[in-house]
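What follows is a single structure, and I will ask about it in a moment.
So that you can tell them apart, the chains are marked A, B and C in the order they are listed, and the count of residues begins at 1 in each.
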Amino acid sequence: MPNPAIEVENLTKDYPHGFLNLKMRRSLENLTMQVESGEVFGFLGPNGAGKSTTIKLLMRLIFPTSGTARILGKSIEDVSMHRDIGYLPEQPYFYDYLTAAELLHYFARFHKLTAADRHERVQKMLKKVGLESAKKIQLRKYSKGMLQRVGLAQAVLHDPQVVVLDEPMSGLDPLGRREVRDIILELKKEGRTVLFSTHILSDAEMLCDRVGVIVGGRLRGVGTPDEMVGIQTQGMEILFEPDGTGKSFPLLARATKTGERYRVQLPEAELYAALDELKAAGARILSVAQLKPTLEEFFMNLVDADRAQANAVEVSGK
Amino acid sequence: MTNVWTVATNTFREAVRDRVLYNLVFFALLMMGAAILVGQISIGIEQSVIVSLGLTAISVIGIFISVFIGVGLVSKEMDKRTLYALLAKPVQRWQFLLGKFAGLVMTLTVNTAAMAVGLYAVLWTVKHPLARSDWYLLVAVYLILLKLALIVALAMLFSCFTTPFLAILFTVGVYLAGIYAEELRTMQAVDLNPATMRVLQGVSYLLPNFENFNVMGAVAHGRGVPGTLVWQDTWYAMLYAAIVLTGAAMVFSRRNLK
Amino acid sequence: MTQRRIAEWLLVGLLVAGLAGVWQLQKRIDAEQKATRVEWDELSVRSGNVIKKMSLEYAPLMGAIYWTRVVQYYGEKHRLHQRNLDLLWPLLDITTTLDPSLVVAYRFGSTFLSDRVPRGAGRPDLGVKLLERGLQANPDEWRLYQDLGNVYYFDMKDYRKAAWAFEEGSKNPKSYIWMKVMAAKIAAEGESPETSYFLWQQVYETATDPTIKKNAEDHLKLMRVELDLKAINGAVDGFERQSGRRATRIGELIQAGFIRGIPRDPEGYPYVLGEGGKAELNLNSPLLEQMLMEKSQSSRNELR
């Protein structure tokens, strides 16, 4: 097994807050995880859980209180390692007095590419993210979606092995989200490692090889989306329409009504008995489906459990 | 080092596109007005007045740019988060700082040179042909430029660890204190004990002595400036700015971005 | 036109009317202030050092600004024939503190501080003080020695010090020969009309400041008048010796050949013979007023 692309060990981050910055708030606690080479890893969690904090720590925008991390085998303290990684910040904002082409050229210079190389790549990138026609317009005139695309372009311009995206889908319309998803899949096909954070669970389910769930500054679990949720199904669901005579039967009481239709959930063992009951009552059976819990439910349970405890884990500082 | 140059040229481009250089229009109007009025108001000392006014304008406008734009160099990037994508590239934070500094100093050089040309033009209309002593004006302008570079360094230092408003306040405060540093040194206050006097003296040496760069009195009356002073001032500015920028780099390198 | 447009035009009209109102109101306020404000001069800060500190690095420019104030102040006072020149010294003090190299300020100050009222402030001691300060800051300006000599000679009548001043000035290789000559002459003779006339002539010919030049011109004219009157009185005496009686009209002197042509004062008015056959200025001549002021002031000085 090749070395993991990203390794995090006991990463902890405290923020000073409160009056005169005397108190400490622990926004990340002992995070330990790994992202394997070539996989798409989703970093999931509600707002404020610590996803952005982790990513900013990796990119050396903020400094850890304790713990270490390595990307491609090099410590995060090593700035030269940035040659092989690409980063898209959360809610990206770039120099609004530059055009897209100028911005990409500017960033390309830091990667020490030759002039010809720069030109070629910038052109390629603009085309890839669909900004070819807008490349001479100043960024101050760009919509949010366009800025996101510029952000993606500058993240992969230099052909990095590892790409880190902080909330790449936030604020995009469904079309924009689709485009980003396609780009991520393309990156995966090219063999790059992708780490991205999101709170949109359906995206994670669709794209990720593995996910890491972080709530309240702590990592709650890492695994494939299936693993996280548990492969066991929770039962069956029947969708039916009663015959209209108003006759009541036990199943009706258990069912939830939407318009003219009723749906009822029951364990697999009770399925055939229920079908018989419905047939006897003259109800029309519309569908019978297997209930598969989603990441969302798993997620919600976690959050609720967390909230049941004390609010934030407060570590009183100096 | 090329990273520094890359950031510097972009900073210059930003200044141009943000229309910083339009201050030259204001300067031009001011000088033209002065040229017209000076004949009416102060006969016999036209040259002195124009030189004094011109150098004052160059200095004041330059200081405004140095303080306000100097503070913004780092603050703006931190506030608007344009810095984030940049720092993810293989570039050190100190290279970023130095590049920003160099970029603004380049802008100031261009701006000041343009103003010097304007000043000579006005001087020429009031007094053709220009005498040899009029070239001393260039020395005065050069020294003003050194002073401005030092102010930019200070502005950057303060903006690395406080809010933009406070950074502006501190920078202006140090500028004012620096002007009076020489006075502080030679002050003869009778009722201060010797220990306090010595402390004040020490402080006066450590403050940036901006009066070093002020030769308006001599140049306005056609007198020259000794070459040694120019040399010494150049070294002083470079050394002091280097110290300030190093401090800024140290602060900035450990700063957590929000 | 839609309602919206009408409303917009009305608003613009209102704004214009508002500005017109502001204009009118300002005129009223100006008139009101002129009525209540007494015509006194204001100089809120008198300390040159304080102003210098407030000027940050821009003291020479402030010096130039205060210099224009000096010129305006004197010009106004002169125009309104006011005698009170109290603010002249403070203004000059501030100007020269701000810009010690502003030579014209010392020259101007020395003349108008020392000169007798109403032409000047009548304070030759302050004139000397100013010049000494000027020489300390600009030791190469030999013209300040010239001015110093003039103050001692004309206004303080201290001929020893005047000679000394001219001598000091002559030591500067850039100075003119006459400085040394004058030094010797004054040391030997003290005051003499030729010396006085020569000194004023030097000022008149070399002054760049128009006010100083005009002042020198006035002095020269008065001196010319003195010399002319002296000459005419000499002719009157000669006439008396010859004809045994005093002449009553200039014409008689001309006819008798003691004077050639009609003698006129520098303003072009012919001289007349007054009571007792003494030469006098023509009643119409503007120089008469100046002469009378000089006479009354000097007699006042003698009484003190």
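Just so it is clear, a contact is a pair of C-beta atoms (placed from the backbone, for glycine too) under 8 Å apart; a residue touches a chain by one contact, two chains touch by 3 or more.
Note that the coordinates shown come from a computational prediction; the quantities given were computed from them, not determined experimentally.
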Computed over C-alpha atoms, the centroid farthest from that of subunit B is that of chain A
Hey, which chain is the most central one here, using CA centres? B
In whole angstrom, how far does the Cα centroid of subunit A sit from the Cα centroid of subunit C? 89
Taking each chain's centre as the mean position of its Cα atoms, how many Å separate subunit A from subunit B? 48
List the centre-to-centre spacing of subunit B and subunit C in whole Å, with centres computed as mean CA coordinates. 44
Contact footprint of subunit A on subunit B as seen in their complex: 2-3, 6, 10, 13-14, 17-18, 80-82, 84-92, 254, 256-257
Subunit A residues touching subunit B - in the complex, by the definition given at the top: 56, 59-63, 79-83, 85-89, 91-95, 97-98, 106-107, 109-112, 151, 154-155
Residues of subunit C defined as touching subunit B within the complex: 53, 56-61, 63-64, 67-68, 71, 99-102, 104, 208-210
Can you name the residues of subunit B that touch subunit C in the complex? 41-45, 48-49, 52-53, 55-56, 59-60, 176, 179-180, 183, 210-211, 214, 216-218, 220-221, 223
